[in-house]
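Both complexes shown next keep chain A, but they swap its partner, so chain B is in the first and chain C is in the second.
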Partner chain A sequence: MDPLIVTQAINVLYAVSTLAVLALGLAVIFGLLGVLNIAHGEFVMIGAYCAYLIQSWEWPYLVALPLALAICGVIGWAVEWIMIRPLYRRPFDTLVATWGLSLLLRKIAEGIFGLGFRSVAIPLPGTVDFLGTEYPIYRLVLIAISLALVAGLVIWYGSSRTGSRIRAMVSNPELAQAQGISVRQLAAGTFVAGTCLAGLGGVMIAPLAPVQPFMGLDYVLRAFFVLIVGGLGSVLGLFSGAAVIGGFDSVISAATTTTDGYFAVLVLAILFLWLRPRGIIAHS
Partner chain B sequence: MAFDKHGTTRRALLATAATGAAFVAFPRMICPAAAANSEFKIGLFIALSGPASLFGPTQKACAELATEEINKNGGILGRQIKLIPTDAGGPPVESTKSAIRLMLEENVDMFVGSHDSATREALVATIKGKVPYIYTPTYEGGECAFNTYVIADTPEQQIHPSLTWMMKERGAKSVYLIGDDYVWPRKCNEHAHKYIAENGGKVVAEEYVPFGAPNKFEEIVTRIKSAKPEMVLITLVGADNVNFNRTFAGFGLDKEILRLSLLLEENTLLGIGSESSNNLYSSMSYYANAPGEANKKFKAAYFAKFGAKAPQLGLIGADCYGGIYCAQALATKAGGTDASKCMAASEGLSFATAAGTVTMHGRHVDKTEYLAICKGTEFDIIKTFENVKSGDECKA
Partner chain C sequence: MRTASLVVLVAILLPLGLGQFWAYQLGVYALYATAAVGLGLCWGQGGFLPLGQALFFGLAAYLSGLAFIALRGVPAIAMVVMPFIAIVSGVLAYAIGFVVFRRPGESGAYFSMITLALSLLAFQIATSWNSVTGGFNGLKGIPGLPGLDDISDVYYVSVAALLAVLALAGWLFNAPIGVLWRALAQNERRLQLFGYDTNQLKSVAFGVSGLMAGIGGVIYAPQQAIVTPQVVGFGLSADLVIWVAVGGRRSLLGPVVGTLLVGSLTSQLRDSLPFWEVLMAVFFIAIVLAFPQGVAGLAEPLARLLRGQRVRPPILAAKNPTDKPPTRLTLDGVGVRIGEVTILDRLSLDFDQAGIFCVIGPNGAGKTSMFNVVSGELATASGRIGLGETCVNGLAPHRVTRLGVGRKLQIPSVFPGLTIADNLAIALWSGRAARLQLLDPRLRRWTSPVLEELKGRYSFLVSDARKAAELSHGEQQILELAMALLTEPRILLLDEPCAGLSPDETSAVIDLIRWAARRLGGATIVIEHDMSLVKELAELVYVLHNGTLLAKGSVAAVQADPAVRAVYVGGEK
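Presenting the complex of A and B:
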């Protein structure tokens, strides 16, 4: 097969799988708790700066993962406790509150690191011959990790006790509470999981992006589109959203221009909001 | 006042309105007394917010350095300069509002601007030549508005010699053009088409990405790979420039295809990083490590004033230093800020910049240009083009 088409096909797969991971944290928090975390992109940014720090200290790259999980976890926990808990079931208020949080986190990053670009060296540099075409190794690894992460989460959510408790909390919080499930703790845990997933996405994407305080804005928008198209509350929805948004963008960008790709994504998001506001996989 | 807890009385409102009307109707009563021997106010348009705000600290610092030096030597026409740094990092319409405020409320004597071309066009249309306006970074050429002075690099200076050199000395005859979708890249590429044809080369493809959108470049890089050009001419800016170059090198294209970027300065190169800067060239009239006595003196003064933690020096920022000196030279030679006198004085006007003294012809300046190759995250200047004509001299 034509190596150009093969490469573009892998590009589509790469776009879809990384988008799914970057939207995962937002999907967990929005889908399960009904909180639209506008600061999602800033947690991605924090993850990326963790990767930068680890690399500038010359530690192994994988150490960035626990560091990002710890920092995003602690911030997420504090934010849930102070800011989000009093605002559950008030979607607009949480939106404004997390918007403020995003400004604050961005300014803190600016205060610590300045506005300049930081570059994170790719931990697995170089290209490899894959299906008859040269493709960057790190991007291939990223595709594999992303797919594994999403699949792992689907299985865990569907089969574990915590997963079924969360499902109980989502469908009927009062009844879940009456059953002896600590809804408050469970909600806090879910929020922290969402921010940690964002941080994880940041560590993964850091070597491929300009690391700077504003970088989160790029990701929150696309992640939000994924949720609009995919619908809330199911991992299948998340993945189909990522497939439609990332896939459409990537295919059209490859076939014509990036401008057309971006335009298509915007039109698609508007059409979905208009004609199918609950997304492809509507949550009952 | 209008929102205090007692509410606004009709009388208070009337009184306020009357006072306001008095100020508007009789500005002459207040201004002349204040204007005599007062400060020389310069409205400085720089990026204090938005994606370009990473240049803001350098722009402000360089303008402050020039101001301090001039004020120590008696200021402009005996008046001390007062800088009014104003944000031009947002949408152009916000900058035009600030320009109106600066003209009406602050009575600024001059404007100096270091920002993108979309904002420049909006500012020119707003200021309408009422106050002299000096534009400083690199640009696409062709600005001949009344009472507007350009010390920026023009395509004839920045693109023509460097592109010709790359095509002749590096043998890169087929060129792929990629840029952000706004006025500067599109106009630059119009010029590039001309220069490429002149050197017997050809444009393989020309492509733009939406400006300010979260762009990714895997698809474009794949397309470049299959188009097999010998060189890519890049007019992407900021994060897009970083992103593109990292993706380009990530796909291994840096080994075979040369890249010449037209807005690649120290900050952007730090973002691109050393493992992605192989075979990457940049062309500009200033680099922090550019040779020459003037830059040495400028840097010594800069680091003496701001210390080791001074903002990263680069063309965007250092241009403001020259901008303030241009304002001083212009007002001094014209004996004030009268538009027609300034227009006349600008011809043959000489003034200091970070890179050395330059002379203005046709409200543009002739200047020395450099072509640098990236060595890690440093620029290595491999070719100097002395005193290149702007090619953009305005007739009237």
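Presenting the complex of A and C:
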């Protein structure tokens, strides 16, 4: 096979699988709790800064994972308790509140790290021979982790007791409560899981992205577009949304400019709002 | 009026007391405040939040800057162009609203996110399109407005623009369209069922807000002599949201107060207090969670004092154009499916005469779905729904209502945060007020013979300054029924109008339905479970079962029908 095509194909696969992971946390919270967490991108940012800190302390890169999970988990838990729980019946206000949260987290990051870009070195440098072409190891590892993460989560959700409790909560919170399921704890757990997934995504992409306080905005919008295109409620939808958005963006950005790529993705998302309001994979 | 003159007086005297530096600062923030007033209109009145409002301010600023540069020798022409640029911003906002709000079931989140994305896109374009926008460093060397040398002159221009925007907003808030915007934020479905195109109402609100931001933007460019990508991007968009929230989104002056207060404090404290902006973000979250009225909420008692109450005589409403003889409603083999489930199965019904008809049937028989399909809220898979000669399949709910279908929902559905008078007025305008009339505040004094008779029957409808939320459940049922009657529909659909009422209230509603059926002279179709009520009301009973018509006849005939008995008593399903 033509090595160039292989490289391009892996590039697209890389863009799609990381985008799917970055959208996963947003999809979990929006799909299961009906809360659109605009601060999702800022949790990605926190994960990325964790990776930066760990590297600047010269600790092993993997330590960034528990650090990011801990920080995003604690913040997510506090946020759910203070901001989200009082507003479950006012979804629009949760949107506004999480928007305020995104501002807050951004300003805190700005206060601590300043506005400048920080770069994170790739923990697994070097390339590997893959189907007749040299490809960066780290990206291949990321693709594998992303796929494993999504698959693992889906299998867990489908087969574990907690997964079935969450499904019960989503379809009928009152009845679930009456069955002895603590809906409050379960919702809090779901929210925390979403923020932790974002932090995880941040650690993963930190070496390949400029780390700075405003980085989250871009991710939350992209993740949101993935949800618009893919629809809520299925893994197939998540991946097809990520494929359409990620693929479109990387192809057009490569052919013209990143601004054009961004514009194309935005227009595409609006078209989907019109033509397929429930996404590619419509779910009843 | 008194508030208005007070505001103007303060605006004129302010620079005299504060000096040149503050006059300059306040002049800039007055321009931002025009955008904030528009944002308040969307968020505080219409209930949807654009997160990228700087887009319209910045677009107008760039266009105005380019116009002033291109027309350097002839500033008079540039000034003529200015209003058109502001209108461009407004039209763009309207178009964006029109596109995004078309999404069925749009909950607000999608709109907010897309406006945010648009603002980021505009920022990217502004920084990367060097040849036109001057790139990251901005569009420089914009000539100033001719004849304005002094800083206080510039201040007065900005403040005049702000006052003009405030006057426009104040007028709109007070006009019927303002009432409809507030109603929209509370109960969009009910508004559609009164025949209003809610997408259009939201788009117009967003368009007006774009125009307001545009007015600020066109003056900003010649005033500042430079336009940088910041005025179009996320930063200013975010600031506007904070200013509006802190000032109070629901009040007219709140966004202005917020902008001037927080804006000027920020410009002072940003550098000396390192975590000032973190503090503002915390403050913002606290306001969203606990204090949606903002600073303006504190001033509410004072505002009430200044407002003054004047009672004005009512005006007779325009004739209802659908004021024609009763129409026939026919359902011909109507099928509705949701996923794998058949909701209506080739249902055929014919209401061809005036009178009261009851629809009964066990739970899940498709009664409410039948109403939904007639109202245009549920799509048909097959069959035809006719209103007279018109086929209404596939028409949007507000269009069906305009053809003369009134509806009372099962759970009382009114506009809880609006006064009783506004609730009634919304029903009265339905189908009667032409589009432009929605700008005429005198319509809020409309009345009609039916309304006067209703007020004669139910005294609580007269106490019109009370909010609908303060009414009891029974009173809300009657209010919604009264609203449905005010549209003077030719077909009236009532879904369990007596549910949850006391015996006294029930007999009051029964009286009202009988009166309405006579008064309107059309077909009144009532879904009812209580057979004693059915006996009292119905001239003819339709029994639905599994989405299709099981039996039709007088109460006695239906009760004697073995098929109906089988369905109700149990037996074969």
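As a convention for this text, the second predicted complex is superposed on the first by the 268 of 284 C-alpha atoms of A that agree within 3 Å, B and C clash if a C-alpha of one lies under 4 Å from a C-alpha of the other, contacts with A are read in each partner's own complex, and residues count from 1 in each chain.
In the analysis below, a contact is a pair of C-beta atoms (placed from the backbone, for glycine too) under 8 Å apart; a residue touches a chain by one contact, two chains touch by 3 or more.
None of these values were measured; they are calculated from a predicted model.
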item: Touching partner for A:Phe117 - first (chain B), second (chain C), both, neither; value: first
item: Which of chain B and chain C A:Thr259 touches, first, second, both or neither; value: both
item: Partner chain in contact with A:Gly126 - chain B first, chain C second, else both or neither; value: first
item: Chain B versus chain C as contact partner of A:Thr7, first or second or both or neither; value: first
item: First (chain B), second (chain C), both or neither touched by A:Leu36; value: second
item: Contacts of A:Pro86 with chain B and chain C, given as first, second, both or neither; value: second
item: Which superposed partner A:Tyr219 touches (first chain B, second chain C, both, neither); value: first
item: Chain B versus chain C as contact partner of A:Trp59, first or second or both or neither; value: neither
item: First (chain B), second (chain C), both or neither touched by A:Trp156; value: neither
item: Contact residues of chain A, present in both the chain B and the chain C interface; value: 214, 217-218, 221, 257-259, 262
item: Residue ranges of chain B touching chain A (in the complex, touch as defined); value: 51, 53-54, 56-57, 181, 207-210, 213-220, 222-223, 225-226, 238-239, 242-243, 246-247, 250-252, 267-268, 270-276, 312
item: Contacting residues of chain A [partner chain C, same complex]; value: 36, 38, 82-83, 86-87, 91-93, 95-97, 99-101, 103-104, 107-108, 110-111, 214, 217-218, 221, 224-225, 228, 257-259, 262-263, 266, 269-270, 273-274, 277, 284
item: Contacting residues of chain C [partner chain A, same complex]; value: 47, 49, 51, 99-100, 102-105, 107-110, 112-114, 116-118, 120-121, 124-125, 128, 234, 238, 241-242, 245, 274-275, 277-278, 281-282, 284-285, 288-289, 338-339
item: Contact set on chain A toward chain B in their complex; value: 3-4, 7-8, 11, 14-15, 114-122, 125-127, 134-136, 138-139, 208-212, 214-215, 217-219, 221-222, 250, 253-254, 257-259, 261-262
